[in-house]
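Letters A, B, C, D and E mark the chains as written, and numbering starts fresh at 1 in each.
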Amino acid sequence: MSMVNWFKYASPASFYPLAGKLIPFFSAITAILLAVGLWISFFMAPTDFQQGEGYRIIFVHVPASWMSMFIYCVMAFWSALGFILNTRLSGMMTQALAPTGAMFAFLSLVTGSLWGKPMWGTWWVWDARLTSQLILFFLYLGFLALTSAIDDPRRRDKAGAILSLVGVVNIPIIYFSVIWWNTLHQGATVSMTKAPTMAHTMLMGMLIMALAFWGYTIAIVLKRVRCIILEREIASEWVKKNALE
Amino acid sequence: MNLFSTIYCMARRDLTLALRHKTEILTALFFFVIVVNLLPLGVGPDPKLLSKIAPGVVWIGALLATLLGLPRLFAHDYQDGTLEQLSLSPRSFTLIVLGKIMAHWIVAGLPVVLITPLLGIQFNLSGPIIGVLMLTLVLGTPVLSLIGAIGAALTLGVRGGGVLLSLLILPLYIPVLIFGAGAAEAYRAGLDMTGYLWLLAALDLLALFFAPWVSAIALKVALE
Amino acid sequence: MNLFSTIYCMARRDLTLALRHKTEILTALFFFVIVVNLLPLGVGPDPKLLSKIAPGVVWIGALLATLLGLPRLFAHDYQDGTLEQLSLSPRSFTLIVLGKIMAHWIVAGLPVVLITPLLGIQFNLSGPIIGVLMLTLVLGTPVLSLIGAIGAALTLGVRGGGVLLSLLILPLYIPVLIFGAGAAEAYRAGLDMTGYLWLLAALDLLALFFAPWVSAIALKVALE
Amino acid sequence: MNLSVKDLSCQRGERLLFEHVSFQLEPHQWCHVTGENGAGKTSLLRLCAGLSSPLSGSISWGGVNIPDDLDGFHKDLLYLGHASGLKEELTPLENLTLMSQIDGQPATEDAILSVLSFWGLAGREDLPVRVLSAGQRRRVLLSRLLLKSCPLWILDEPFNALDKKAINTLYDLLNNHVSQGGLLLVTSHQPMEMAEGIVLSL
Amino acid sequence: MNLSVKDLSCQRGERLLFEHVSFQLEPHQWCHVTGENGAGKTSLLRLCAGLSSPLSGSISWGGVNIPDDLDGFHKDLLYLGHASGLKEELTPLENLTLMSQIDGQPATEDAILSVLSFWGLAGREDLPVRVLSAGQRRRVLLSRLLLKSCPLWILDEPFNALDKKAINTLYDLLNNHVSQGGLLLVTSHQPMEMAEGIVLSL
């Protein structure tokens, strides 16, 4: 029985109003969590005795890094779904997710290197984790470049789905290859210095920020999907009747 | 109409086309040679430095040489309508694609493997290291052609295809590059390198199994 | 029908075509970025080694990025008959060709120059060296586009053109590479580098004067 | 074996080209698809060849939905479209040899040479297709009609670029095919000078 | 201004296509080049447009040998060949805008739009040419006849792929051009339904 419901929302016509209702909800959650998270990270969390105030960048850096990896998996999930069930919505979801994923990957790179300058004395090192994050960013760019270069929507959906599935198969391979590349040659010149035990408030702040990023992602993706739906189905009856009033 | 006849007949067809102008094969080779030879001009002639970076650079050269031929893998057949006809063939489209990929490897990958000893000598690499380098190339370059075919199929008929293709494919090539160059480096450092070789072989199998099939799907999408 | 209107109208046309899909410009750029980023993966992450070879590698990357777009410089226009129509235009064909070359540089050369600081940071280059590197690129990349156009015109419609083109053009690029990478290297070693810069500027003028004209002749031959 | 098209609709971009097109083609029958430029004739033919998938509706060959057994359908089909599918660098002889292999019906060199001279291309077998004239290219393409034996022909403007003699030769071939139990789906902007057939106006 | 062709011979590979072709075309006259597939019609037209050079013989425009003032000749010439010269990625509107600039006679957007709707392409101005049908592409190409004003038209099989209505429109245009003092050199495998002209059989 519950399957029936799912399929109902897999059609753009019924997903569109649902998404419209969900957006304010998630926007509100995001705003609250962001406020709390930022307050914790800037005022509650104590100054680190080793790293000074600069370490506060962690509250953006870590959640952004998590999100960037997670979003790629979600894209692959939607793509697989699109291939198996042949739903139109999945292509739109994949394309709506990609820019946000790329944005978080970029944010992770930028905040990481901003942090790297005071910590390691250099903006960039060829460390395994940094390199694999960079490659992830390139995978996002590849996806964006491909989908924006194809203007027939059906072909765009399918090509995007193939690319994100191939990419997600490769991600573990890339991840391990980069780790071995980096550690087998020679000792890494600079390695990530992790705080030995993370302070409780710090962890709290990070988790709340991560949740806020989740909320943001959901809200913005729903918004983008609505735009894509409108653009694609502008000619269809339900858009003329319901959506454009 | 069986498996091998289809692969063989497509591969032979593409090789005939490549051989029609003998330059086709020779130039892929010379591109590789020239790219690798540009390096000393760019980074200076210090022999110790050069022999240190040589295996990695040979691998990057091989990768770019493969890449260079990729846009043409399906593009000609697409433009002149042959691909449409191929998809109308009663033979399996996946196998047809596999035949084309094999021809691409024979034209772009194999010559690169065979010329490597010469470059190795230029960069003062020892015999055994050259051997290892060739072994990794034999194992690795087919993966490059196979994965590349997916990219070529996805970007078919898309404007800016050649460059877009590189953008899609180069990140996916990175494991091959790392395992390939890594094996040679590990051998030089006296470490065990069989792990790398097994990994390359595993990639080979994986790609051989999936890439022609995925490319065929992508091509059908492009033809719609 | 004067000089500038012809150049401007052709350059604008080609840029419109490139901008039709915004990816066209971005991908040339990202190809460059990715190629340069492959290097550490091939030769290992030692920062001292990397910062030593970085300027040379940036130059080789720029050269390959330019090269990659060259086959498309005239090929599309040739295949669909536009080139024929352009040669039937009452405007000067040499200027039309110059306009196309300029558009190619704006798409392939300029972005490469502008992204270089970022790569410099990745490879730990100091500010002044990055400045010098950018200066040599600004002076050198137009020569690459100009000379490349001759090669693109000569290989037009020839099968295997893309690879053949590299074969013809790369040797001609070598002086540019040597002067360009040499200037950065000289600066780092504390030597005088103005000589190199003057040589690059001279190449610029020479190429600007002859390349469009020679390319136009080669194109007319290809069209016969 | 018959070709049966039911309730076909086709959309390109945001434009609905045609809706509810149905027809049935039996052996010994042929169908002339007519319509203005851009009416959707080529699109219909490509749908029938299984080259693209319709917005709605179904196409079946011998009672089997064509996506269900695409390779089997393609064994029975010869489709010649606007694009030539000839390799510019190869000679007509080589082109046809390769195509016949791909079709799964390898032809001998003699067979191909005699078909080529049937089309007036004797003496041109060894030139690359690149230097042939527009009409000669089309003649090479049409040689496949004699090399692949299959019941269903789908031809998109096959008369284009042909001179009068070649047009008559082609008419003879088409008539012959239909009278021997073949099926033919064809577009052309000139009226067809053939025994009566189904006309489908888009 | 007249086009005068004297004693022209043309060789392709080792094949002599034609020898000693001479004719003269004055304003108000048109010439129909006929011949079998591969007779050398396209080759002759390309020679006359200055796109390739003959084995022997000369072609002059207004008494001047055309290689002596190629740019001047091209100002007076409109040549439409087998290849379309349209950019697949651009819209008809953009294609024609750019072409008119290259022709040195920039046309306004309004002018182009009205020409396009004259050819029945209203509503298609903003689609990339890639998605247009074969006949619609040719219509876009033929729009140049109305945008570049010049005395000499050289058209290679301009009726290809057109439907009946478009063929009639094109006849009107050609008749009009000739009667207003233009010159026309044209090939076509169909008989031309126009007032009498010179016929040149290759």
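Keep this in mind: contacts are C-beta pairs under 8 Å (C-beta built on N, C-alpha and C of every residue); 3 or more make two chains touch, one makes a residue touch a chain.
Everything quoted here is computed from the prediction, not taken from an experiment.
Touch-path distance (fewest steps) from subunit B to subunit D is 1.
Of all the chains, the one whose CA centre sits at the greatest distance from that of subunit D is A. When every pair of chains is scored by its C-beta contact pairs, the maximum goes to B-C.
Subunit D has its Cα centroid 49 Å from the Cα centroid of subunit A. Rounded to whole angstrom units, the spacing between the C-alpha centres of subunit B and subunit E is 46. Each chain gets a centre from the mean of its Cα atoms; for subunit C and subunit E, those two points are 37 Å apart.
Between subunit B and subunit C the centroid-to-centroid distance comes to 25 Å (mean Cα coordinates, whole Å). Contacts with at least two other chains are made by residues 138, 141, 145, 149, 152, 178, 181, 185 of subunit A.
Under the contact definition stated at the top, the residues of subunit D that touch 2 or more other chains are 13, 82, 89.
Multi-chain contact residues of subunit C (touching two or more other chains): 20-21, 23, 27, 30, 34, 41, 44, 79, 159.
Within the complex, the subunit C residues that touch subunit B are 18, 20-21, 23-24, 27-28, 30-31, 34-35, 38-39, 41-44, 49, 52-53, 55-57, 59-60, 63-64, 68-69, 71-72, 79, 158-160, 162-164, 166-167, 170-171, 174, 177-178, 181, 185.
Of all residues in subunit E, only 12-13, 35-39, 41-42, 82, 120, 124, 127, 131-136, 138-139, 157, 160-167, 189-190 touch subunit D in the complex they form.
Per the touch definition, subunit C reaches subunit A in the complex via residues 21-23, 26-27, 30, 34, 37, 40-41, 44-47, 50, 121-122, 124.
Note for the complex: subunit B touches subunit D at residues 1, 9-10, 13, 16-17, 20-21, 76, 79-82, 84-92, 96, 223-224.
Considering their complex, residues 135, 138-139, 141-142, 145-146, 149-150, 152, 154-155, 158-159, 162-163, 166-167, 169-170, 173-174, 177-178, 180-181, 184-185 of subunit A touch subunit B.
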